[in-house]
Structure formats: structure tokens, C-alpha cells
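Below is one structure, written out as C-alpha cells; the observations come after it.
Chain nomenclature is as follows: A, B, C and D, assigned in order of appearance, with residue numbering initiated at 1 for each chain independently.
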Amino acid sequence: MRRILDPQGNLVDGAQPRLSLARTVEGLRWMMLSRAFDARATALQRQGRLGTYSPVKGQEASVVGSSLALDPATDWIAPSYRELPALVRHGHSLERIVAGYMGKVASSGIIEGVNVLPNQVALATQLQHASGLAWGLKLQRKPGVVMAYCGEGAASEGDFHEACNMAGVRRAPIVFVLMNNQWAISTSRELQSAGEFYRRAEGYGFKGVQVDGNDLLAVYEAAADAVERARAGNGPTLIDCVTCRLSFHNTTDDPGAYLPDGWLERAEREDPILRVQTFLAAQGLWDDGSRVAVEGEIAEQIDAAVQAASAMRTSRAADVFENVYARPPERVRRQRDELLRLAGGS
Amino acid sequence: MAQRNIVEAIRDGLAFEMERDERVIVLGLDVGKLGGVFRATQGLLERFGPERVVDTPLAEGGIIGCSLGLAVSGLIPVAEIQFLGFTHQAFHQIGPQLGRYRFRSRGRYHAQVTIRAPFGGGVKTPEFHPDAVEAQFVQTPGIKVVCPATPHDAKGMLLEAIRDPDPVLFLEPQRLYRKGREEVPDGDYTVPFGKARVARAGFDVTMIAWSAAVEMCLQAAEDLQREGISAGVLDLRTLVPLDVDGMVAEVSRTGRAVVVHEAPLSAGFGAEVVATLQEEAFYSLDAPIRRVTAWDTPYPPASLEGWYLPTVRRVVEAARRTVAA
Amino acid sequence: MAQRNIVEAIRDGLAFEMERDERVIVLGLDVGKLGGVFRATQGLLERFGPERVVDTPLAEGGIIGCSLGLAVSGLIPVAEIQFLGFTHQAFHQIGPQLGRYRFRSRGRYHAQVTIRAPFGGGVKTPEFHPDAVEAQFVQTPGIKVVCPATPHDAKGMLLEAIRDPDPVLFLEPQRLYRKGREEVPDGDYTVPFGKARVARAGFDVTMIAWSAAVEMCLQAAEDLQREGISAGVLDLRTLVPLDVDGMVAEVSRTGRAVVVHEAPLSAGFGAEVVATLQEEAFYSLDAPIRRVTAWDTPYPPASLEGWYLPTVRRVVEAARRTVAA
Amino acid sequence: MRRILDPQGNLVDGAQPRLSLARTVEGLRWMMLSRAFDARATALQRQGRLGTYSPVKGQEASVVGSSLALDPATDWIAPSYRELPALVRHGHSLERIVAGYMGKVASSGIIEGVNVLPNQVALATQLQHASGLAWGLKLQRKPGVVMAYCGEGAASEGDFHEACNMAGVRRAPIVFVLMNNQWAISTSRELQSAGEFYRRAEGYGFKGVQVDGNDLLAVYEAAADAVERARAGNGPTLIDCVTCRLSFHNTTDDPGAYLPDGWLERAEREDPILRVQTFLAAQGLWDDGSRVAVEGEIAEQIDAAVQAASAMRTSRAADVFENVYARPPERVRRQRDELLRLAGGS
């Protein structure tokens, strides 16, 4: 398992980070934004202001480290539902994400020009879309690379296999990032598969690598290599990011019901944010002052997003029929009229 | 006798049958230590051990496909699909495999498998979780499709399902899981498939529904009562087998019917109910049978489900129109 | 104008559209060098090359799921599923993904994908090859479901499907692929969705069907003619969108209808047709609408399909009873 | 790629066949029966007496060599649709198989006590059933091992992945035999996957091996090892049998439309039957006399099966409703009555 930065924040012997110090600071900021947003979103959900929310807590290095290797102008992200900082870093607006969690359908879309696919609830289905998208970019001689995310649980679905095999045959410019956070709700990684996930890639004829998913620098290195490979026309890569879910599965979940004693405590020692902060501090690039400053900026950024989202219009009856068909059947048009009558015309 | 809600009735039924018949095993996502996302299997792992209560890898096709093989090996699997909307991933293993294995093997093998799956809206779940796709399984013969609406039926029909040599898709109304308690016998009893239940007697119009929609019809009947309209409610209980005679008897008495379901209108099971009634009870119908359903659009985000699902108001309006016609 | 059968019309349509719009690509099993198991894509590989005519790995979910991604990338995929019965393997990628992608992405993306699939019985194919599961796709809004019955419609509706920004499931009647030729324009033309076709005018009863069953109804109409019964045949052409007004107009004239399809009875699309007609034309119906369909059993081995599928005899009997009622 | 007997029928240096000479003769007989039956069935299909038929020609060593490692009394076979000699060797009756191809539904079932699952048309679905069956045998402490067959094309289906992963997690007593015959109808092995099939096993945490599928002795060795492993409780094995389809896909197919020039000629040099005959001849266990004798027996065996099948009753209307439900819905009962009325009561 490739590691560059150990849990204590020291570089492992001989390791040469590929991510510059400046960009490491940038990465840290994204990770901290993610962590802060998780806390805020959870609080808002508890107040009944947001719908079900799935935090990224613990997996920030995997999500941020991988997406830092992408060029938002040409590259694409095919998310699962737990990759918020990657989406924001790629250009998706935080306020629209919040609006989505607030159920504001009309205001939650991904704006034109931002190369992000919608979150996917049906596990692993997005991998097929991602393989097709990458293949399509290649056919059209477009420069983009697709980064597709899924959990180690989702990787048990048939769609994972079909998507990887198709991408392999087409030598599509795609990177599969497997967020191996040890849990699929209450199902442990051991019950999910008897094999190592990264080894599956060999069977599809492309490279598989396993990295310490709590190590921003290691994840970035693997992702940068993979993106380079894809851009050069050398096909897909599977990155097995071994990380930990430091929170509940989502706001409806109670991990107390299934986490073994001490698991969370042990996992917290792997915290991906702490180790980067220690590392940067050792480089003289981080101290309490910078922490307070960054935390302040982030709090403002989140406040602004929440306020903007709150100001957006709430969903109305007619939204049920928006964007279903480009050319709706007559029968559906009539149903819409009927609903508008019931809703008193909005 | 004890008071139980639907989840408790199902839990009790599972425990009872696992105790009674050691061939019965439970498998699915998070059914073990967590006890299922709705806790319907809570306590089973501790009581029956990890060989009979199994957290599987995350693959619905595998859960169902392996259940077929487990059945051939001599066991009686009760598979949980976390939400009915995810049976899509196992669609090719349900009707075409479970449903046809007896026929394909000329009777040598059969798939005594029960698939439990919560479904239905109104509880602000994410996409796919509320989808009501029951009608899709009626087009693949060989599978029985049952949908209890009360705690008593939930346990009785679950025991009937597990003991039925034919594969059964057992649909659980998540909205009603903890809605209310009623008397549910502790021991053994079954509710036979193919017999609809008169949930409320009425003389002017018959409202036909299944699963959570039954409760909505009962509320509508209350409102209609105040307007002096006597509306009956028929709970179909099972879509396959369908109680054709029971439906015809009720509707022939009132001459008027309204069908209510949470699935989209087009090709929903309501169409089968209406088509069957007009074939079998044409001459006793005094008015067109109306369907009150979700629209022909995808299930929307939770903030919109109130505008998507049938409502008591829409049911009442349809009943009024039907009676006035 | 040239004489073409249905396969030739489809081949001509594909070639025409690939010529006209270079974003159109064809993918599926054996669509390349072999030209498809029915030769519907014959010659396309030679003409448009391996980047636009692609033999994929053997995975229906991958064919459809990747088609969605290809569409997002800016291409217009025409995916072939070798037989409709194998769409089961891709079920989770069709309605829930293709059908909802525009809605899920709030209009940012859409899936301009056409899925071509042969289906229907009567040609002694192995299991799954004849399955008529069209109704299952009507319950997942967002997808259009179309089923041409003639060479002219096959080409015109195929061009309409490929150009429709909404995903379209294009069902091809394998029994009629080479049945007969008719005039099919060489160049560009489309047949709009949602307009049923009066395949034969009649005054006593209207027989409603789609795909290969239309031909069976036409034969039945001939027989009925000899008995002095004037039976009309309405070819629905498309199930989604459904031509409600067209159906109502025809049936209101005759006051009597019979619906014929190859799928099993229960929850088949015939139920939707009947339910809609009794809702919209209740007062002009003089007799119950009968359904002539396959039985509620799995499609049997070829040696039994003659006893399984609707027959001209059964259609004639049903029409007689309906007229006599 | 493991090989024991080369195409010229010589043992490769140092190879020690695990299959005894006596059983090698038995294996040869099964392969010859299969080859002869293919010819006969094809002829009968051309006369319109059988339905669509899929020959085994060219793959006999893979099918026979693998099934020879099974004990029909305890072990199970989960076939695809191209494993006829394995089924017959396992106890399924040839006349019932013929009856099935003749469309004689009621007479074509697998008789009680023969541990064979029905042929499966929906590719790869049987692998899930096989994994469940193997897992169930293990749970019930039954001794059996399951051998599941699929083609290299079917292995692209999601079901392949889900079945392998489940079997790996459960350490189920199963052997996956991948019949890598280079073609999925007209789709070449190259277009099917960019990886080596046997390497997929590593990703599921069990052993994968690649053998010369035209070498009876190599296939048997791999299968015997795998069955031993499964019996000992050491879990699944994936055997990638590299072989050649020396015929059309099935009787509706025309390989001339897609086979590259010379492909068939080259493939025929790999013929699995010839090399065993040469090998046994060198051992003095095979000559024209024995060939003629065996061919005679086989011809009689096939004649007998075809005659017996021809004598069985043809399907009747009522068979449509047989074995659909154990407890048929009332509505289905009424449909049956209606059909019997139409059929004039049979």
C-alpha cells in the first residue's frame, strides 16, 4: 500500500511528494471545507432544514487528493454521493448543493460548463455512464479524462464489473477511484469481498494500485499517474483508496449499532487532515494563525452558501413535470394540467 | 395476543418461522448486526447465528440468484432487498429465474424463496427508496406478489409466503411500518393468498387499494362519510394471486369503483384491476372506474412527493365524481 | 421508392441516419462484422468503420449504461439488445437511468439513446428470445416505447426515435422481419409518435394491437368479414406516448373493442388500453372489452408456442362474443 | 498456460498425467460420443426434427476433462448450454436430452437423483445459482462440490462478478469453468476483455488457473486440484480453459460471415480428440480396431437415444400450465380450462 505521509505527519523514508507544498495547502483547505461542511450540514439536517445527508468525514484525503489531479476545464467527475469537496473544487456551486439538500429542485442543477455528473443513488450505475462518457470523449478526440467514484460496497455490483471491462476493452480515458472506507452501511469490508480490490484491475487488463486513502500526497500521486496514463491514451486505472468512514453512513444511520468497540477511536488516529497540518507545520507553512484564518474563511463561505440557498425559491407543484421529457406525451401534459388545477395553478 | 406494529409483526414472524423450521435463513444487506435498515431482522443474528442470518456483499442480483441456489440445496431463503427500487438490479434473477425455475426444470427444482422489500412514499426517502414498481413483477408469471397493509396481515402473510413452495415477492409498506399497533397473535397463523379483505363496508362506491394506499382510502372514506357518501374499502392484499371474484362481488354491489395506487398511472396494477372489473362486471357498472395514482413521471425529490403521490383529497374527489356520474 | 421488408427498412434507416448525422453510432452484440443476428446492421461496419459500429462485450447493462455516457459525451447511440428478453439484464439502466437522467440532472443532461430490440413469438426461438415484456417499460416514466408493425413505420419511426431527445425503446417484431415488402421511401421521412394507425376500417368492432399482433388482427378481420362482421384494426404504433384520443375516437364509433397482445394477460399493456377506454369512453361502450393474450405462464418451449400465443381463432371468437354481447 | 499433452499428442517434457490411462480412455470415449452426437443432432436439426442446437465440437477436452473430476453421487453441475457430455457422464439421460431438443417438454426433465441443473439460456445467471447452491451445501455440511460452466462472453455479464465475489466471501465449494472458446457468436475474445480471464480470480480472493482447454489431461489436472481444494473447504477456483469452437455458434449461425480466413483451419490443428488418440496409440491402448469398435458402440447408443426420444409423447396443450406454480392462482386455473376447451380437452 503506497504511503507518502504517515499518520504522524512525517514523510516516509525517501518519499518525494509529487504534490507541491502550495497545492498541498490548497488540498488542506478543501479537506477542511469538507469537514466543516459535514458538521454544518448535519446540524441543519437535525434542525429539519436539509434532507438525508451523507458526510465525507474521514475520507477527505481520498476525495480531494484524487480530484486535485483533474483539470476542471477538460476533465469529468462521475460521483457517487459522498464526494462533495471534489465537486466543489471542480466548479459545482456549494449553494446549489445546499439548495439540493433543501429540496429546491429547480435551483440544484449543475450549471452548464461544469463537468460533473449528478450524484447517483443507485450504487455503481454511474460507473457504466462514466465508461461510456470516457469512451465517447476518446471517439470524439476530446482531451478529457473521467474520474469515477464508488464505494467498496458498490464495487460488488455487476455494474462495477461491466463498466471496468468495457473501459478496458475501449482503453477509455478513465480513473476508477474506489473509496474503500471499510463499511457499506453496517457491512464490513471483510464481508464485502475476499480479495484485494486493486487486484481486480489486472483481470480487466489495466493497472490497479492501492494507496493509503488517508494520505493526501499518496492519493494525489496515484491519481496524477492515472490521469497522465489516461491522457496519453494508455487506458484506465483503478485506485483502491484504503480509508475510514469517521462518521455515520448518513443522517438516518446509527453506527453504534454495529461498529466494533474501539474501531472509531483507532480510525480517528488516521485522520487525514491532522497529518497534513502537522506536515505543513513542520514546513513552516501552517500554524494556529493560519488555521484560525482558514477556518474563518471557510465558515463565511459556508454561511454564504447556506444563506444563498435559503433565499432560492422552494419547489412548486409544476416542478414534478419539469425536465421529465423534452417532448412530453399528451397524456403527461394533461396530468400536469390536472396537478396545476389541484395546486391552484403553480 | 400482543399489540404489534408492522415491523414488529414481521420480526415476530421471521423469528417464529426460523425457530419452527431450521431450513429458513435470512440474507440481505445489513440484516445482521444492524438488524436491517428498518430493524425488521433485529435480534435474529444473536438468536440464530451468522450462518442463518447473513450480511451479503452489496449485489441484489447475487442476493436473489444465490437464494435460488440455496433453495435448490434444500434451504428456504428469506431474502431482504433493502428497498423495492433496488430490485431493478436483480430484475433478471427474479421473474425470469425464480419465477421460471420450476417450469424450466420440468418440475425437478423450484425456488421456495421469499423476497422481502419495503416500498412506497410519504416518508421523505432518497431516490429509488420509495418507488412502487409492483406491477412490473406481475408480468413475469411464476412469482406471487403480495402486499400486506396491516400488522396482522403482515405476519400471517409472511408465514404463508415462507411456506409457499412458489417464490413470493413480499412488499412492505415502509410508511406504515410503525404507524399503529394492533392485536397480532404470538404463535402460528397464516393469511391465505388470493382473498381480498373488506377493510370497510360501503354502499355507494368501492375503493380498491393495497399496501399503504389502503390507509389513505380509509381516511378518504371517513371524509366521504361526512358528506353522506358511503364508501367501502377493499384491500386486495395480493396482486398475484388476484381475488377476481372478491373484487367483482364488492363492485357489483356498489356499481362504482375507484382504484388507488402509489405507482405511476400508465401500466400500473390499477389498469389490471379496472380491465378485469369491466370484463367481469361490465353490466353492473354504473359509472366509469377512476384511477387515483402517481403521475407518469419519475418519483421526485422528497420536497415534491406531496404533489406526486395520490392524496386523500384526490381520492375523495374521484369518489365524489364516480358517485355523481 | 423501393420495396422493403422490415429488416431492410431498419437497415436503410440506420444507414441513412448515420450518413446524415455523424454523431450517430451503433453498438451492441454482434452488430459489426456479422451485421446483427438478424442482419439489421449488415454493411454498416464496412461503411462507417469500427468506431461507429461497435461489437461490445457481452453485457446488456454495459451496453445501455455506456450508451447513456456516450450520449452525455455528445454522441447519439443506437444500442441493439439482441432480444428484448435480455433487457432484463439491463433493466436497472433503462427506466431508472436513461429514463430519469434528464430529471435527475435538472435538465442539464439527457439520454438521447435509442434501444433497438427484436421480440415476439411464433418463430420457434429459444427461451427469452420471444418474451414480450413491453409493458414493464411503461411503468418507468421518461422512456418512450414504440413498436412498428410495418416496413414503412419501421423506418419512419426509427428516424423519429434516433432524433428524439428522449430515450426510446424501439421494439422490432421478429416474426415480421422478412414477412412482406412494401413501398418504403429511400430518403428522409419520419412517423410521429403518439398517432395510432387505422390498419383497417370497421364498423362493428375495433381490434386494438401493436407490433406483430396487428397482422394477426388483420387476418382475423378477414375471417370475420366472411361472417358478415365488419371488424376494424387499430395499430397503436406507440405505447408511450399513447394515442388516447385516437383510441377513444375509433372505439366510440364501434362501441366495441378487443385488445390483442403476445404478453401474458395480467398487467400486460392491454390492461392499460382497456382501463383508459372505459375511463374515457365508458358511455359509448356497448359490450365489455375483451383481451386476447398469452396466458399467465412463462413463454414455453417452441413446440408449445402455438398453444401459448393468441391465435386468429381466439381473436375471431372474442370479436364474435363482443359483437354478440 | 498449463499443458500436459501437446497438439501432436506427446507429453510435454516432465509432465506426469494425473489422469490414469484407463480413465483417459474413458475420457476419450466421452469426447467421441460428444463429437458424434453433435453431427447427429445437427443432421436431425437440418431435417427439422430438433430445435436450435449448440454443438460442443472442439471443446470436448474442456467439458469432459473438467467433469471427470466430479463424483456424480455428491457433486453438482450448473451448465450453460454447451456441456452435453458432462451432463451425460454425470447421469443425465441422453434420450431425455434428445427429447428436449424435440420439444417434448414432459419427457425432457432431469430425473431425481441426477445432480444437474437445467441448461441456462440467460448467460451467466446460472453462476449465481451455482454459488448459492455451493454455499447451501456447505451450510448443510453436505459433501458436494459444484462445477459451474460459462463462456468467455458470458463472463462479461455482471452476474459473473457477483457470483464469483459471493463464492469467494463464503469460501463456497465451487469450481468456475470458463469455456474460453475464442468466440461469443461473432464477437472475438479480444473484443470481450482486455485482460486474462484467469487473473480475475485473484480479485475475488481465490485461485485462478489457465489451461490448454484442448488438452484433456491438463484440464483434468486443474479440475481435480480445484475439486480437492473445494472439498477441503479451501474455497472456489476459476479455470480458464483456452479452447476453440470448431463449429457454428448454433444451428442458426453462419460463421463464414465473420471467421477470419484460415482461423478454422488453424484451430482444427488443436483438435482435442486427435491428440488423445495419438497419445493412447503410442501407449498401445488405441488403434483403428478400438476406434471402429468405440464408434460403433457410440452410434448404437445415439441411435437408441434418438429412437427412445422419438417414441416419447409429444407435448400437448396442457403442458403449457404444467410446473408453473405449485399452487396456481385461481385465475391461472381458469386460463388452463379455457386452453383445454380450445384444444378439445388435452
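FYI, a contact is a pair of C-beta atoms (placed from the backbone, for glycine too) under 8 Å apart; a residue touches a chain by one contact, two chains touch by 3 or more.
The structure presented is a predicted model; accordingly, all values stated were derived computationally and were not measured.
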Next item on the list: Going by C-alpha centroids, which chain is farthest from subunit A? Tell me that one.
Entry: D
Notebook entry, point to check: Out of C-D and B-D, which chain pair has the most contact pairs?
Noted result: B-D
Check: Roughly how far is subunit A from subunit B, going centre to centre by Cα mean, in whole Å?
Finding: 36
Notebook entry, point to check: Roughly how far is subunit A from subunit C, going centre to centre by Cα mean, in whole Å?
Noted result: 40
Check: Residues of subunit C touching 2+ other chains?
Finding: 56-57, 59, 61-62, 85, 88-89, 92, 96, 103-104, 127-128, 141-142, 240, 242, 266, 295-298, 300
Notebook entry, point to check: By residue number and range, which residues of subunit D touch two or more other chains?
Noted result: 105, 122, 156-159, 161-162, 165, 169, 191-193, 324, 329, 331-332
Notebook entry, point to check: Residues of subunit C touching subunit D in their complex?
Noted result: 29-30, 32-35, 37, 55-62, 85-86, 88-89, 124-129, 265-266, 295-298, 300-304, 307-308, 313-314
Notebook entry, point to check: Of all residues in subunit A, which touch subunit B in the complex?
Noted result: 51-52, 100, 102-105, 121-123, 153-159, 184-188, 191-193, 252, 257-258, 314-315, 317, 319-321, 324, 329, 331-332, 335-336, 339, 342-343
Item checked: subunit A-touching residues of subunit C, taken from the complex the two chains share -> 25, 51, 56-57, 59, 61-62, 64-75, 77, 92-93, 96-97, 101-110, 141-142, 144, 164-166, 193-194, 240-242, 244-245
Next item on the list: Would you pull the subunit D residues touching subunit A in the complex into a rising list?
Entry: 156-162, 165, 168-169, 171, 191-197, 199-206, 235
Notebook entry, point to check: What residues on subunit B touch subunit C, complex-wise?
Noted result: 85, 88-89, 91-92, 95-96, 99-100, 103-104, 127-128, 133, 135-136, 138-142, 240, 242, 263-264, 266-272, 274-276, 278-280, 282, 285, 287-291, 295-298, 300
